[in-house]
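Note that the chains take the letters A, B, C, D, E and F in the order they are written out, and that residue 1 is the start of every chain.
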């Protein structure tokens, strides 16, 4: 099993979600995060004081998938999240050694 | 060392926390997340327009534990977080290669 | 590639960010989290009812770096985030197997 | 000094209202034995302007005031539910008010007149722009619509107060049915018992006629006089003092809230999970708007903006300040920190306590009342509630009922002219001259206690019956799962915030 | 009853204003043929007190009321934009008002007088503390400043209403230019057409003079009489009834909003991405403050606090309650849940509908109007909007324009004395005696329909031209990227919240 | 025109108050030499209604208005602290006011009378429902309670304004002690200096008596006249104009804020960490409520709702609009974007500047004042503050003190009848006829400057002493760790939000 972590633009969440469910992936966990990268932020001004806001709102999607589905999932996310503009985000893949479904106690691929 | 990531129902946080501290685990990091899974969401209606809200509020607990304690921790979380109802959540285990306590510079198991 | 996850005190975010950019690391993802650890929380009182608030606001920084830069990054974070007071936080290092830049499709070190 | 003492009173108990149509048949009848009727009184535009703004202020107390005060204290997932319940109660009761509530409260109820009025003004029959309502001054009238409107705002906010006690676990549908019943069987009757009387001119004219009558006419005049005196609610006749509704509004809603909290049982997780206020900022905005609006409530209860109107105003201001500080100080001593919620609670407790007393007390007496009420309410909200274990979600009992009782009893003491109070007006011995009657502390305290007891019993028992009834018919509480998810989504299909 | 029926009217259409300087030359001229002029009237302090507070209440409707109501409904990233647009519109239009707006609305416009006034009072020339404005009662005047201020608050809130329809996608710079044009070419003229007339004394005196004149003087008196009758806006002359601005304010802004929404096109992502209100709490606070402030709007439109002032007050209260409940019930039936946004929408729809009717309808009629308006608006906001696919972001058309039309037509029915309405005053046949004129339903409904149609046409076409013009000159919409990022950052460089 | 010019003034400096008990001994004494006293004046109900609502509005400015305006600008962790400090200041100062503050401000202070009053009305001794306070019109009185209440709201908001300058780093305990001292030693005396005088009738009667006296009586009448003229605060005697409290309220609080900010030093992280407002929405709601409430503040300062009340009203409205736009435009030019915080700041700056001028300026003059004040304040809040490096957290100095000075000096210019101003009333040469005195720009500007200077010196030095004193006794600032954690948790044990 692998954990796929995708940091994407917020308005792309729906598209990515449906791309993944189209693959039959039924679960994911989403976090509101702030991203720093090449995409430049903006300046906020409060009564003369200027602040460079370098962090931009992003959405982080975490989805654990059976090893066999990693490539399809990566492709699906990439397709759905892409605008071609700077700041589209990143996808990271990392190993998951063990998974448990709390409700039933099932584990590993059965738990996904 | 392993990172145990548990996605649970929000009102179970206190029980899971105390189950973990009972094991002597003194640290954890908690994030408010939104989960998508088998548990169906709800519909929100705003002046006639209906939105299917498929993401539900969940709590993600991350706790890094020495390898020896992984099983006990998994069991404890499972016990504390279980309601038996759909949506109870998942636990994932992944490897951690290195840990540092910022304050002291201690590392690995000493840092936990 | 490694994922460096640092849990730090909120007001240290700016210092850590600039320490990392000084190393030439151009991307990172930041999450507001709540931490439980040795640093004790506080008590909140609402009309006579007291609640022990054991979770404290922390910032989680996630930065994926090429293997060669891990040590420098660790040192930089540690320096920037340290106050020497309890609750300064932790740094965890874990493996990343694959990285993709959504915009371009570049992968692994090229995607960082 | 003398003048002030006698003038700021309110008949016997007559806190608020005392509506008397200028051409009401009963009065016309007595007028027959009295000297030629004076020309119809013309309402003063300053009075009308004031009463309309006062009504607007009481509306603002309810929405957004009370909705924010309560809403800020619940958890995020029940915020909209709180708002909806307050709004819906307001809308519903206002409509009942014009359909039959006003009539049930402010007309003669025949054989049941001690307890409730009749339906002669149902659908506001007979009311138009020319009909008038009496004030507390002889010869001073306001348009009847003005009085109906002002009283309507009271009828709307009182049931809404109950919502705090049963917050986060009362279904919207059950709430609607309960409120319709509660307004009808509890509020309208209690308003009648406390506030229905013939007005100062009816009293005075009957007394004058009686004094002037000689020979055979004497008996007839006596009968007429007795009829006027008898045409009032029972509480009013007992002679208790309540300037702006300590009993009718606060004790009444407070005890109903406690009963509701007991019948519904505690919220899931109560005492185990933390349930901190989701927005103390909203709570404090609400408290501030309650304070702001309360001047409409209390000063408007004077029904005109004569020279005495300054008394309820300054007392309402100062008692509130004293109570706010006093709650914070008690908390500081006992819990170690002065909290914002403590300030908000103290402010509301002070407003509640001064409500019955505001037109009777002196300024220094009001400070004392404010200082005293907060520690008592604090004690109920923390120690007593904790010990008994009931879940009065937002302390409606601890603040409104307890604070209301402190205020009602305090009124009996602070009206004492010897302590800077205003004394009690005597409308009959020297009508039109505003001479103060006698004040006897023991007598007065007994009257106050009777009014308090009456309200506790009627509203306590009545509310219990109504809550049980609704529980049987449609069920009061949502399913456990729904309560956990929060009423915003399960009752209303919405979330309060999408930041 | 008789008295009330005749008294609550408003001349012909004359809802709000009817300013007549006490010493206006035109009147003075006619006074020459009339009996010796009475001593200058002295404004009543109660009236002034009321009108100032009414103006404050209308300001509070706008900020923070409307800003919160609208702001709560947009997405977080456009919250400050909504606030800024409302504030800036208010500031801008108020200044235009004193520079030339008041003059364009409330002076004689010479050959264009049917449609717009002139510039004789530009920069408030000739206005000072001693000049007076007429009310709807013979012989009752208020200070002219009072009238200017009250009307100014109307001029400020009306354009701000449009902002909801084009929310989240109109550039701040374009907004400023559009608002200056819209106030000048749409609002000031329509206010003139509907509210400009000579006042009851001018009417009455001319009629009396005509009646008294004999022989040669007859023709002269007739000419003078005709001149007074003719010196009014065209809509006023048609005889439509609009107590507090249903056409001038709500239909006017509502149709302009629809036109704007059509010209700007839908928001990026409309219909695809969810766009839930970012804070229904703010929305409901806003709705509550609109309600609270609306009493200034509607009751203030009586221009004095005489006995009839209770009618618009109680109607404004009750129709709103009925409409709030009725929206919620319809939604419950059709969508399965009664929502907080439904309550807020119903409350506003009720306020909109009762605005033209509040001084004419009976209380029971107002309940009916409230019950009826919500389902109709609900139907437009869900079914019709969905079917046609235009993106009226916050349903300005569906609530204000549709609700305004329901109210305008409802007014024609509910004024019917046979249905508890007030009837229509006749200032000329028996001047000063407030005798009701005749009421004919068909005639009245035609007048109402003409006024509605006139507003739809003038504002609809005019707004389209102005939106297009501004689009050509500076462009209405931000770039796609900026719209996505949100106007708070791109237009104003700020974020609403940093929790 | 003539009439208006003379009538809207305020004696010499007499902006707000000028209380004179109807039966005050000093007056009674002079009455002996004057013709038979007229019957006691009866307060007008319209005036009373207005003054009570005005007082409610000023309360609303403070809570929730100011609390939201300031609270929205701080960081989340100090939100409740801001609310608590405003609420507690209000409660504390109101109680001091009735205990001795009113007496210190509005009674004769014997040998210290130039600077402070005495204790003859401590605990409101001798005040009851029958005692009266003078207005600015001969023969017009309001109930003394009304005046006490209205002035109380001023006494409460002024110290609360200081809190913005020292926000996020002043301990609650230290704040309480400081505020008690500051009210006592700074506010009450300055209110006395500026607002204490004998009232128009005392002036007029003495002048009439002097004019009528012949022979031996002449000297006696002259002495009596001199006594009346001398029985006023020193600033009043200088003849500076301040309609509603530009000096007493805004310059006073503004300079105290600057002194506090300097003594406390900057917040930890100031200039290094971003400290953006945690909720600009709350800030803008607060600004809106300040605006709404300010009509109570400014128009209420007219003390009655006579025909001249429209002048401060329209000026307060229009100057604010001009200042809001003007701040936004300056920012647009200099910083590239018009911000919501800029709008809020401009609105407040405009309100501050028009405060002393509102009853004296013409409408066009008010627009100019509004346009001018914002750029000046903007310059102080950005350039000057940045250059000097002090941390006036919420720009109390830059907006209130600087804006107040602009307004005070502007008043001296705009009162000029030649520029549309109202001129300065002369109560003595033709008492009761409201004839305007002479206006000389140089003289007037010197008076204005003296009043400004006096306030800056007294409040600046006095506040410095008090801050230092409190620092020595209990310490002004929390520990570094506590300041970092935020005062909500460390001072009050709560968090503002639990979403």
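Here, a contact is a pair of C-beta atoms (placed from the backbone, for glycine too) under 8 Å apart; a residue touches a chain by one contact, two chains touch by 3 or more.
Quantities reported herein were computed from a predicted structural model and do not represent experimental measurements.
Engineer: Looking at the contacts, which chains touch subunit B and subunit F alike?
Structural biologist: Correct list: A, C, D, E.
Engineer: Can you spot which option in C-F, A-F or A-E is basically B-E again, with over half of the contact pairs the same by residue number?
Structural biologist: The B-E interface is reproduced by A-F.
Engineer: Calculate how many whole Å lie between the centre of subunit D and the centre of subunit E, each centre taken as the average of the chain's C-alpha atoms.
Structural biologist: For subunit D versus subunit E, the centre distance works out to 36 Å.
Engineer: What is the distance in Å between the mean C-alpha positions of subunit B and subunit D?
Structural biologist: 50
Engineer: Give, as an integer number of Å, the spacing between the C-alpha centres of subunit E and subunit C.
Structural biologist: Comparing mean C-alpha positions, subunit E is 56 Å from subunit C.
Engineer: I'd like the Å distance between the centres of subunit B and subunit C, where a centre is the mean of that chain's Cα atoms.
Structural biologist: About 18 Å, centre to centre.
Engineer: Multi-chain contacts only, two chains or more: what residues does subunit C have there?
Structural biologist: Subunit C, residues with two or more chain partners: 31, 44-46, 53, 94-95.
Engineer: Going by the touch rule set out above, which residues of subunit D reach two or more other chains?
Structural biologist: 44-47, 49-50, 53, 274, 276-277, 335, 337, 339, 341, 493-495, 497, 499
Engineer: Any two chains that touch count here, so list every such pair.
Structural biologist: Pairs flagged as touching, ordered by label: A-B, A-C, A-E, A-F, B-C, B-D, B-E, C-D, C-F, D-E, D-F, E-F.
Engineer: Which residues of subunit A touch subunit F in their complex?
Structural biologist: Residue positions touching the partner: 44-51.
Engineer: Contact residues on subunit C for subunit B in the complex?
Structural biologist: 2, 6-8, 31-38, 54-55, 58, 60, 74, 77-78, 81-95
Engineer: Please give the residue numbers of subunit F that touch subunit A in the complex, ascending.
Structural biologist: 274-277, 331, 335, 337, 339, 341-342, 345, 378, 381-383, 385-386, 395
Engineer: Can you list the residues on subunit E that touch subunit D in the complex?
Structural biologist: Interface residues on subunit E, with respect to subunit D: 1, 3-4, 7-8, 44-47, 49-50, 53, 57, 75-76, 276-281, 284-285, 287-289, 291-292, 295-296, 299, 304-311, 313-314, 317-318, 320-322, 324-325, 328, 335-341, 343, 347, 363-364, 367, 497, 499.
Engineer: Which residues, counting only subunit C, touch subunit F once they are in their complex?
Structural biologist: Within the complex, subunit C contacts subunit F at residues 11, 14, 42-46, 53.
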